[in-house]
Each structure stands twice: as structure tokens, then as C-alpha cells.
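Both complexes below contain chain A, partnered by chain B and then by chain C.
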Partner chain A sequence: MIASLFLTLKLAFITTLILIPICLSLCVWLYGPLTPIKRLVLSFLTLPLVLPPTVLGFYLLIFMSPNGFIGSLVNNIGITSLVFTFKGLVIASIIYSIPFVLQPMYASLSLIDKGFYETSRVLGKSKIFSFYMVLVPMAKYGILTSAVLGFLHTIGEFGVILMIGGNIPGETGVASVYLYDLVESLNYDEAHQLSAILIITSLAFLYVLYSLSRLVSGKKHG
Partner chain B sequence: MLRLSSMIKYKALSFLFLFAFNNSYAENILVATSSNLSFVLPYITEQFYKESGHTVVTSLGSTNRLYNQIKNGAPYDLFLSANTNAIFDLISEGYIEEMNAFIYAEGVLVLYANFDISNLSIEEILIHTSVNKIALPNPEFAPYGFAAFDYLNNHHNYDVLRNKIVFSANVAQSFQYTQLGVAEVSFVPLSYVIGNNTSVDNYVIINDDLYPPIAQMMGVLRNTSNKIPALNFLTFMGTPLVQDYLVANGYN
Partner chain C sequence: MVNLEANFQFNYENSSIDFNFSKINFNTPITGVFGHTGSGKTTLLECIIGINNINSGYIKLNDNDLVSDIKDTVVGHRGISYLAQHTYLFPHLTVFQNIIYPLGKKGQLDYANQLISMLSLSSLLSFYPNQLSGGQQRQVALVRALIAPHKILILDEPLSGIDKAAAVKINKIIKKHSGSLDKNVLYVSHNIYDLAKISNEILVIDNGANKYKDSTKSLLLNSEFSIAYLSEPISVLDSPTQVTNHGRGVNLFFNKIKVTAPNINDPNEANLIINSTDVSISLDKVDNTSISNQFPVTVIDIIDFPKHNSKLVILKSNEFILQSLITTNSLNLLELVVGEKVWCLFKASSLIS
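After this line comes the complex of A and B, so read on.
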């Protein structure tokens, strides 16, 4: 049980760490009027939010198989297999959690008065500088929300991992799948314990997040 | 165990007379079904409909999950388990009456591969250099997985194979892993390879003396509101028509 929890935290941490810069870069590009191509990309990146995780998992399994698109792609750089490996879970988690990181980040950046950004541009700063040095600090609570949601959503990831994990202890045997196995094995005592740990951890993270929201923008939310 | 099964079958056959009474009305019966039966049930329920006029609605799932649902009040009329334990437990807990339960089939385990294994022994297949992963349903809760695990432990060197083993959530997933080539071989029910028209070069039947029997039991739930059609279906499962069909499609 402890090993599965540790693995889950490691997966959630790495996934979040990779997703934050990816989504920030996406937001740089998405910032401003939503052109059709931007709308299409945004819609596409929101798909994991609405697709059943087993559908996502099934196609990831196909794509990651040795003859699949991703599988043969990574084969060229010497990675023989992604299915049943931690690397595979990280890739799957990034895809699975991207809307949860991108959405709050994009929303909070879009809400900021464009005047700040334009002022910075008029004063001769580059697009990238204006984005990171002016907009990002103003959207720090939204970005923190992104990080926490991405982290927690990865902790709760189940259907996708069930499809591509193979349940190998220490490699792909994360807490959610372990919990499923406990319930399937009718081992309710341990299942209750693990559920309690997951609920309390997630609750604590969310509580801290909302506490921070008061600190960051006290006047608005307080 | 085997004798017990035929004994209970005959007991169930004594319900055959019930067919005589029920043709005047048609009911829907809801059957909780272990997913290993997914390839054989469509034909069986179709035949049952032709004979009785009752429609069988199946709800596929893992044996333990369905067992759990039944204990929590799921409105099934019948339960087709992949083992005997779940039914015996439900009998002792009063959810099923013993006289309304019997062993309808015995599962057959095969080793399925995504390459031609017709000239190899099972040991040669398992340690084959092209085999990186061996999939089996999780033995903790899946009856076919338990049989495969027991077989590997007693007749092969499990410790040598340990790093190749991956556990799937159910038989369908193990089969899928090998179809997609992510696990080159897997332990699955014979009914799956037959149901998918798999070439005989791609699977080998495991000698059934070498693993504990996968006796599959079914029972009518005590609280069913469709008792007569449900009993009819139970009886129907024991008829030569169904039993011969099961044997032809991967069961003993």
C-alpha cells in the first residue's frame, strides 16, 4: 500500500512538473483573439476532460504498442516499450490531465485586463517578456490552481492506467489501481484505509489551495 | 468436484417441466454475467428467446464485482459466476437457494501468443527471447488468473518469469494485450481464442490436470421477481443444446 501511494505521488509530481511549462507555452500562443486554429487546438486539448478514460486508455494502448504511432516513434530513440512502464504512465498522465492544468491557467490569464499586456508591449518589451513578467505574476493564483488540479487529477487517474499499466508493483501499480484490486479481491479493510488516505490527502491540498486564494486576492474572495 | 457438477446439473434438469407453463407471457430477465462468457452468451440467449419467449438482458462484469453488487441489492434475476466460491457464499448468506444453483461449465485455460507457437513447448514459449511480457488476469480475484498463476507456480519456475508477468484487470484485457502485441503471450480462456477465430498456431491448451478446475457456477437469486423465467434459464443452461454448444466453444 505504501509503495503504491509513493508511486502515485511520484507520478503526480512529475506529471505536474512537466505540464506547467507545456501549458504556459500553450497559453503564450493562445493569448489574444481566438482564431479558428486556436479554437481547434483548445477543443482538442479539452477532449481528455470529456472522453471516457477507458476510451482514452484503449487508444493510448494502441498508440503505445510496439507497432503503434507513439510506440514506434520512441523505439527510434531506444525506448523499447512504453506500455507497462512508468514512462508510459507519465505520457498517459500528461495527456489525461492536460485540460485540468490548461483550463484554469488559460481562464485566469484571459481575465486579466489586456491593458497591462499592451502597456508592456508599447513600452518596447517582447511578447514573451510581457507574458511571463506581466501576465503570469498577475495570474499566479490561477496557475497554482492549475498545478493543484493537475496534481490531484493525476492522483485520481484510474481508467487510463488500468488500461496501460499492467499493475507492476513499484513501476505501474499506483494507488487507484491498487484500490480497485483491493475492492475486487473483497479486501475492504485495506480498501477503506487507502481510500481514507487518498481522501484526506486530496482534501488537504484543496483546503490549502482555497486558503491561499484568500491570501492571494484577499479583497476579491475574502 | 466434477462429479458434483453433473449431480447438480441433473437436479436442475428436473425443473424442465416449468417450460410447459410459461409460454403464454414473455419477461425480461436480467442476468449478471462473468465477462468470460461474453462470446458464448449471445447465441445461448438467442436460443432461449426462441424456446421460451423471454428476453435475457446480460450485465457483464467481473465475478467479484457482480457478487458485491448482488450483496448490495442489485436487481439481478440470475448470476453466472466464473467460480463456485461466489455462489456458495451467496447461498450461505441467503441470497441464493442451494436447489437453484448448479455448475454450468468448466473453464479451459490456454496460452495465447501473437506469434506461431505450434512447434514450441509451453516452457520454450514462456522463456522465448521474443517474449518480454506474459499477461494473466489478476490472480487475486480473477478465476482464470488464479488458475494460470497456480499453473506457473507449480509447473514452471515462477521466479525466473516474475519480471515478465503483468496482471490485467480481467480476461478480456489479457487477450487484448496479446492482440496488440504489448504482451506477446497471455493466459486466457479457450472460449476467447475460439470466439475470435484465432489460428490454432497461436494458442496451446494447458493440460487441465495441471491447474485447479475453473468450475463455473450459476444461481437464481432468491429475491428475483421473475422466478419462473429465471429458473427456466437455469434449466436451459443444463440442456444438451447449451452444454454441447459450450463444449464446442471452449468449455468442458
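After this line comes the complex of A and C, so read on.
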């Protein structure tokens, strides 16, 4: 059980760490008027939010197989197999959790009066400099929220992992899948313990997040 | 020197304005941009700067088409610094960090420090913008805009919401900045007094077009302009030949004429302005009066001023021209005619700096 929890946290942590810069870069590009191409990309990246995880898992399984698009791509850099490996889980989690990080991040950046960004541009700073030195610090709470949501959502991932990861202890046997096995084998005691730990962990993260939000908004009006 | 030419259409949410500017040269350090609220001033500026994009047509600055010649149509690379009506100080940076924001690694920190001490902002440097008053925020934003290394500075209503003492300081800095650093300032305001005090020439914008452009002094003597735009005409007294201080005020000498004025900052620098309703006319010299300023002048014109059903009398001495707004009754009583020699009178306190 401990191994599955540790693996879950490791997966969630790595996924979040990779997703934050990816989503920030996407936001740099998305910032400003939503052109048709931006709308299309945004819709596409929101798909994992609405699709059944099994649909996503099915396509990922195909793409990540050694002859698939992603599989043959990583084959070039020496990674022979993604399916049923931890690396595969990371890639799948990144794709699966993108909307949960991108949406709150994009929303909080778009909510900032664009005059601040324009002022930075007028003062002679580049788009990227203005984005990271003005918008990102001003949206830091929104970005923190997106990181926490991405992290927690990865912890809660089940369907996709079952499709492409299986349940290999220490490699792909994360907590959610391990729990499924426990219930299947009628080991209710351990299932109770694992569920409780997951609930408490997620609850604690969300509680801290909302406490921070109170602090941040309190500072604004003070 | 800067020149501007524009011809474009701008679409608002449910209306559009055609901007049609024939080529204008800005020859002087400070050009006032005057127009009523809704005349298109801010829209024009935002299109020049690049915050607003024009839908069709062109804007040329120094003969460069800002939209097609310069690849990055947005801001920053057009060489224009801008102080918007909203200060947009960055809330996560301290006052000092805000001020030096435009500077690169080898920026002119000296100039920043000079401006900071001129505006007495030193004690506020470690504060955050939300800890400052509106007037202080505006001063910080002004310093930040002045520090940006651009040749042209556009200030949109820089004195709105500012108390008088701060306004004097701000005007002084703008004047110093434009004079010493060879920069062109466009000073936008709907308040003719603010413009008369500081600008060398004034551009009048109406409905997207340049209606007038003239030196401040001449424009204010243009009765067609006064009648159309001002509730009361004003005159400018500038460039005194000598200034002496006498404790409670100053004496300004325009050659042989001595004008008494209240204590004013930099009487050599400031344009002194006077409302036409504060200038009265007498046929003879008045003795035993509290009014400190009294000069012989000649009536050179009498114009109908429809707004108050009154007459605008233009008075000329060898040194300056003043305008006096009097009722039609008074005019009839004095039986004033053009060419007549009369006395004009005004209180020292009616001179505004």
C-alpha cells in the first residue's frame, strides 16, 4: 500500500512539475484576442475534461505502442516502450491533466486588466518579459490553484492508467488502481485505510489552497 | 521635431469615427492636445501607441506608417512613452521597482533618483502602490513614464485627481524633462487652464480631426476658438523681462509695465493666465482702489460672445494683449469703440500660474 501511495505522489509531482511550464508557455501564446486557431487549440486541450477516460486511454494505448506515433517518436531517443511503464504514465497524466491546469491558469491571467500588460509593453518590454514579470506575479494565486488541481487530479486518475499502465507494483501500480484490486479481492480493511488517506490528503491540499485564497484576497482589500 | 499624419476609421462597439489628420508638425517641446470629452483624443493616442488597432487606413509618425512599416504593430517599438489616465502601477512591485521597471541593466539610475528627489518620493520607495494616495500613484507613474527611453512622451490628463501643490510639481518636471532631454511631450487635457499653463502650442481635436493648431498665446486670442470651446476666454502673460520678489508676492515687469501677482512658483517659467471676466475696463485711471494692476490700453476689437450674451473686448498695450468679457449693458454704458484708449484693471490674485 505504501509503495502505491509513494508511486502516486511521485507521478502527481512529476506531472505537475512538467505541466506548469507547458501551460505557462501555452498561455503566453493564447494571451490576447482568441483567434480561430487559438480557439481550436483551446478546445482540443479541453477535450480530456469531457471525454470518458477510457476513450483517452484507448487512443494513448495505440499512440504509445512501439509502432504508434508517440511510441516511434520516443524510440528515436532510446526509449523502447512506454506502455505499462512509469514514463508512459507520466505522458498520459500530462495529457489527461492539461485542462485542469490550463483552464484556471488561463482564466486567472485573462481576468487581469490588460492595461498592466500593455503598460509594460509601452515601457519597452518584450511580450515574454511582460508576461512573466507582470501577468504571472499578478496571477500567482490562480497559477497555484492550477498546480494544486493538476496535482490532485493526477492522484485521482484511474481509467487512463488502467488502460495503458496496468497494475505493476512499483512501476504502474498507483493508489487508485491498487484500491480497485483491493476491493476486487475483498480486502476491505486495507481499502478503507487507503481511501481514507487519499481523502485526507486531497482535503488537506484544498483546505490550504482556500486558506491562501483568503489571505491573498484579504491583502488586496487591506 | 515630430510630425504626425493620420487617416483611418476606428470602430467602437456600436459606432465608428473617421480620423482625418492632415500632416501636423510638433515644433515645440510641449504640445497641448485639447478637445472635449468624447472628441476622440484618447482613441487617437491609443492608436498611435498601438494599444488600439485601427481597422483601416494609416497613421504616420515621422513619415513612417506605424501599422505597415513597423512589424510589431503593438507598443514598445514605436518610441513612444505613455501615461494613461489609469496609472497601471504594478501592484506586486514596490514604488522603486515600479519606477526603474523601464530601465535596462545599464539604465540611467541617476535620472531616476533626480526625479524621485524632485517629487519628494524618497520616503515612499519601499511602499506598494496600494499604500499610496491617488496623487502619489500618479506621480510615481509619471516618473516611470519619463524614465522610459523614448523620444516622445504622451500624457493623457496627467493632472486628473491631483491636488494643486502636486500639480505644480508635476508640471515643473514635465517642463524640465522636455527642455533638457530634447523630448517631445504631447500633453492631453480637456482643461484649457492646465494646457495654457504649460504648453507652447495647442492642437485642438474635434470629432476625429485637427481643428486648430497654433501657439498657445495665439490660439487663446482666437475668438472663433474661444466662442466654440470655452465658457470664458482667457489670456496668457508670458516671458516677463524681469521678476522681483516682495515677500507676499512677485512683481513681473513687462518692459515698463509692472504686474503684481501672488506668490507663484517659477514666475520666469510659468505661463500666467487670466480669465477675461477678471479684467475690467475703466475710461479713466481709478485712484484709491484696492486693485493693484492698472494699465493704459487700446481697444482693438469688440466681439459678440454668445454664451453669456456679453461682449469680448480685446485690449492691447505695447507689451501684451488682454481680453475682457463684459456685459452688453456695460459696453453700452461706456460707449466703447474700437481704437479708444482706456484703462484695464485686474487684481493680483486673478493671475493663475
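In this section, the second predicted complex is superposed on the first by the 218 of 222 C-alpha atoms of A that agree within 3 Å, B and C clash if a C-alpha of one lies under 4 Å from a C-alpha of the other, contacts with A are read in each partner's own complex, and residues count from 1 in each chain.
The rule is simple: a residue touches a chain if its C-beta (ideal position, glycine included) is under 8 Å from a C-beta of that chain, and two chains touch if they have at least 3 such contacts.
Because the structure is a prediction, the values reported are computed rather than measured.
On the superposed chain A, the two partners chain B and chain C both fit, without a clash. In the superposition on chain A, contact of A:Val134 is made with chain C only, not with chain B. Considering which of chain B and chain C touches more of chain A, the answer is B.
Of the two partner chains, chain B is the only one that A:Gly166 touches; chain C does not reach it. By the touch criterion defined above, A:Leu111 lies against neither chain B nor chain C after alignment on the C-alpha atoms of chain A. Within the superposed three-chain model, A:Leu73 lies out of touch with both chain B and chain C [touch as defined at top]. Legend: residue contacts after superposition of the two complexes on their common chain; A:Arg121 is shown touching chain C, with no touch to chain B.
By the touch criterion defined above, A:Ala196 lies against neither chain B nor chain C after alignment on the C-alpha atoms of chain A. Put simply, the nearest alpha carbons of chain B and chain C end up 50 Å apart when the two models share chain A. On chain A, the patch touched by chain B and the patch touched by chain C do not overlap at any residue. Looking at the complex, you find that chain B touches chain A at residues 62, 64-65, 67-68, 132-133, 135, 138, 140-141, 166-169, 173, 176-177, 180-183. On chain A, the positions that touch chain C within their shared complex are 113, 115-116, 118-126, 134, 137-138, 140, 220.
Those residues of chain C whose C-beta lies close enough to touch chain A in the complex are 49, 51, 74-76, 80-82, 84, 86, 88, 90-92, 101-102, 130, 144-145, 148-150. Residues 61-62, 64-68, 80-81, 83-84, 162-163, 166-168, 180-181, 183-186 of chain A are the ones that touch chain B when the two sit in their complex.
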